[in-house]
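Below: a set of structures, written as structure tokens.
Look at the two complexes coming up: subunit A is in both, with subunit B in one and subunit C in the other.
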Partner chain A sequence: MRRRIPEWFVLLLPAFIVIAAVVLIPLIFSLYSSFTPYKLTRPSTLWRWIGTANYEKILTDVKFWSAFGRTILFLTIALNVELLLGLLIALMVNKVTWGQRTLRTILMFPMMFSPILVGFQFKFIFNDNIGLVNNALQSLGVSNAALPWLVDGNLAMFSIIFAEVWMSTSVFAILILAGLFAIPQDPLEAAKVDGCTPWQTFRHITLPFLMPFIFIAMTIRSLDVARAYDIVQIMTGGGPAGRTELLWTLMSRTGYVDARMGLANAMGYVSILLSIAFTVYFFKKLSAARAELGMGG
Partner chain B sequence: MDRNQTHRNRRRIYKALHFFGLFLIMEVICIPGLWIVLNSFRPTVEIMAKPPVWNPTFTLDHYRAMFGGAGEGGVPVFLYFRNSLIVSVTSTAIAILIGMGGGYAFARYRFAFKNSYFVGLMLFRAVPGVALSLPLFIVFARVGLIDTHFGLILVYVAMNVPFTIWLTDGFFRQIPKELHEAAEIDGCTRWQAFWRVEFPVARSGVASAAIFAFLTSWNEFALASQLTRSVGSKTMPVGLLDFTAEFTINWGGMCALAVLMILPALILTFIVQKHLIAGLTFGGVKG
Partner chain C sequence: MTEVTLSNVVKRYGKQQAVHGIDLDIQDGEFLVLVGPSGCGKSTTLRMIAGLEDISDGEISIGNRVVNDLPPRERNISMVFQNYALYPHMTVRENLGFTLQIAKQPEAQITRAVNEAAGILGLDELMDRKPAELSGGQRQRVAMGRAIVRQPDVFLFDEPLSNLDAKLRTQMRVEIKKLHQRVGNTIIYVTHDQVEAMTLADRIVLMRDGHIVQVGTPLELFNTPVNTFAATFIGSPPMNLADGVVSDAGTIVLRDSLTIPVPKSARAHVKPGQKVQLGFRADNLMPVGHAVEEKGELVDLELTVALTEPLGTETLLFADLAGLEVQAKMLNPRPVQPGEKLAFHLMLDKTHVFDAASGVALRG
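So, the complex of A and B:
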């Protein structure tokens, strides 16, 4: 008798094939090429094995480490601000009794924007000569000189984080709001009867219940943290003088401008590991939070 | 009496603060987008004016130039729009079909290492587009898929399948098993039971997955910018770069294209708004 192929395998097979063809094979190729001095301009260099020299070069490179550190800093600040703002917005919108649907619709607005469009938009708005921010500041008489938003290192970093937060806060706000709608009312009323302060109610009832929703938002976000590449590439291109250089912009410059694919792929692997670490971490948190609420499965 | 008064006052202050805070937040969310729309209707002279002009004049110049074709310094917008549409719609449709199968498999069947498979799939989604674009560029160049619709569609399908699986898995799990068992007892095949009974119930999950897939491919830039070369396959996000020259940017034209780019996404999202939130939360929390 012939053994039948299990149905689940047939169902999953197309997904496996597509992902293997488009993601897995290129990744294996890039893993290989990260051990060669491959340059786009000289194809023959693909066949020279140089071991871990690329990785050694990266790990001893100050430029790489500062980009790496900046990326971590960028993600930490952006994700935390997004979470806090999202929580705040969700709580505020939840309190509204009139026109809530409209507010929710407005909240969804930034989700539809392409990251590159967000980049352009804020490049325009923060432009030191004709940007909305500087024009407004000068017309209101707050400052006389034009502030160099995208030219000064710290201000540029601020502008980029602002753009990133603008784009991604709504995901948090919407998901947390959905969580707030789903909260059972009984424990909240019981807390009120027992004389809890609003802060205690929030800290011990609302927040634990919201945790899974927060982790979903974090997990969804962590799936494409690298979206920030589009924004940074457009707004500053990693400049001024590398002050806003993130891992991703450094990688694309090394690969496409300097044509040093081997080295860029080695950097690529560092960035992939970084993304994977984020995703795995939040997935673990998510399943833990689910299990706690008895939603596991 | 006095205590009542202070209490009431405090409430009033809270309310005012609440209103003011919400107002401020909504302003911050809306103004950047509206500023783009507004500037797409202003003449370039006015955009570049120093000191700034605050009462805008209305002009359709940027739209006229944009749709006027490449001859007048315009950009082949129709081609970009067509490319974007072909690539996004096709890749969304394929990704939904493949992802739905996968989601169904995860929701309904038991097999070894199920969780590892699941997390593994998600990890593939987490690979940064830039990091993937480097080897893809080389591989596609060898295979001859650079600058084709097919290549881009393939990439977007692979990008969207994992997330679709995640969302639809959550939805299929909501549906009690008894439903399709009953259908099978009544004489449906498994296939019929799926299409006639389970699919209609999970429709809003599928709709939200489709929206996310569409938005991802409509808006993607990091991969598209490397895998497309000519007007034959460039998508709109890549086309946006056409307005930047070495040192100057045609802000008005860029704003006009941006408006064109955001409109379909906006319309589509508003149509399925309700499904969107339901899809995200059900798929994630309960899944």
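So, the complex of A and C:
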């Protein structure tokens, strides 16, 4: 007699098929191809196994590691600036009693734009000849020379971070504002009676309450920023001379411009470690902050 | 010496007026209870004293210092909140010491004050736990401990026991009273529970709709309520009120032509034809032979019992008085069947007469 396929398997089969098609197979394929010299222009290279050669190449590749380091720097600066500004905005919006709803909606506007358009916008704003910033600086007499915002390495990095912060600070602001709404009023009032100045109340009561929200925002944003691509690609294309090259612009160049997909996939797997490390770190912080508040795990 | 004085204190929310000009003098060391139904303005009044609400009009002073424009931290008060309001991220020890830490007191002094408060409230075992790991009663004790550590001029309690179960509430009530006897500070205590008010207060302030109805000792409020509201709010079960009309013969005619003499205290204050309400407590309407002491002027009534509530030492009887359901109390109870007719004594000396239109007590 033929063995019957168990019911649970039949019921789960559609899910298995979908997951296999959209996650599992691409994952296995890309992992496999990272062990080959796969070039998009020469499909036959897919079948040549070269072991860990790609990975060994990456480990000694200065360009890769400088992009790696630059991504960490970019992440750290952008996240911290966004956190501080977002916190500040949230605290101020929380004080507003009239028209707060409208203000909250306006706050979300930057999130509604496509990152590519934000990139173009800031490319124009920071353009050294016709850009708004130089125009303003010169009109105000602050500077006579045209500052090379997108041409000088450090200034270009600053400009990209500026665009990133402009676009995403509101994510922090919204999440922290949600946190502020969720704070019970009683401990705040108790703190006032206990002798706290407004600053002490913020430092000792409000901030601990906000920490879980801050870490959730950090986790989400660290994943987002670590794969920053569009803004950078549009504004500088990783230039000048690779001075703003981040992991994802490097990977896309390697994979699609140089067509070396095997190597690009290997880079992808190495850089995922970065995202995992950040996620694990922030999740640990999140659980700790929640445990602080007696929220459990 | 810390007196608290409220003069003509008003609270407005927009056009809505929540507290209508309250005058109150609270003595040093007094235990004052603000009591009233929800929405009567008692909590708002307390929060204005604490500085958590702005004072729209009038003046509040604590220890001869006008505090209208002082933030809470400069009023030297402590407050115990209904929801405990502990800092969830701090241990019990840190919760207790927080106020002194903020005040930058030396570490040794903080430890001493915290340990002393913990000793008073029996918190020694719990010092390293977080609020989430405590039961409701323990949390409330920590909240009280936090108030003690601050050594304030005035303690403010905002319905501190309403989140506790009945048994714990009775226990904590005793602890609060003991605490007051021990520290002797002025306490202003808000509650909607008249039992708490009666048991704790040196003086009760009964409030309704943002006005003070009556101020007095618990017994004054119980024995001489100024109007029907005070009469029904204070005391359990609430005072029975029977509608009637004063006759020419100096009696009150209730429904079904039942007549009851006007009590002595009210005789000079009623006139024939006046519509009144006769008020008497269950303790003053007792089945013959089942009362504590039957003295003074007694009125004989024969009433049908509709329902009984045995409570052990006494039984509450729901009886029919000229079509009105009234409550009576039976001491040394015996089983009573619904529908049974019993002879009752109404103690006329302890009966009150209220004007039916205004509800004001008529007495000399």
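For the reader, a short list of remarks on this structure follows.
FYI, the second predicted complex is superposed on the first by the 256 of 297 C-alpha atoms of A that agree within 3 Å, B and C clash if a C-alpha of one lies under 4 Å from a C-alpha of the other, contacts with A are read in each partner's own complex, and residues count from 1 in each chain.
As a convention for this text, a contact is a pair of C-beta atoms (placed from the backbone, for glycine too) under 8 Å apart; a residue touches a chain by one contact, two chains touch by 3 or more.
Predicted model only: the values in this text are computed from it and were never measured.
When both complexes are overlaid on chain A, the residue A:Asp194 reaches subunit C alone and has no touch with subunit B.
With both structures placed on the common chain, the touch criterion links A:Pro184 to subunit C but leaves subunit B unconnected.
In the superposition on chain A, A:Tyr256 contacts subunit B only, with no contact to subunit C.
By the touch criterion defined above, A:Pro208 lies against subunit C but remains apart from subunit B after alignment on the C-alpha atoms of chain A. Of the two partner chains, subunit B is the only one that A:Val18 touches; subunit C does not reach it.
Annotation for subunit A, partner touching more residues between subunit B and subunit C: B.
Subunit A uses residues 295 to touch subunit B in one structure and subunit C in the other.
Contact residues on subunit A toward subunit C in their complex (touch as defined above): 184, 186-187, 189-197, 200, 204-205, 208-209, 292-296. Contacts from subunit C toward subunit A in the complex involve residues 50-52, 71-73, 77-79, 81, 83-89, 98-99, 102-103, 130-133, 146, 150, 156.
Contact residues of subunit A toward subunit B in the complex are 6-9, 11-12, 14-15, 18-19, 21-27, 29-30, 33, 40, 89, 92-93, 95-96, 103-117, 120-125, 129-130, 132, 135, 138-139, 166, 170, 174-175, 178-179, 182, 212-213, 216, 219-220, 222-227, 229-230, 248, 251-252, 255-256, 261, 264-265, 267-269, 271-272, 275-276, 278-280, 283, 286, 290, 295, 297.
Across the complex, subunit B meets subunit A through its residues 18, 21-22, 25-26, 28-33, 35-36, 39, 47-52, 54, 97-99, 101-102, 104-106, 108-109, 111, 117, 119, 121-136, 138-139, 154-155, 157-158, 161-163, 165, 173, 215, 218-222, 226, 237, 240, 249, 251, 254-255, 258, 261-262, 265-266, 269-270, 273, 276-277, 280-281, 284-287.
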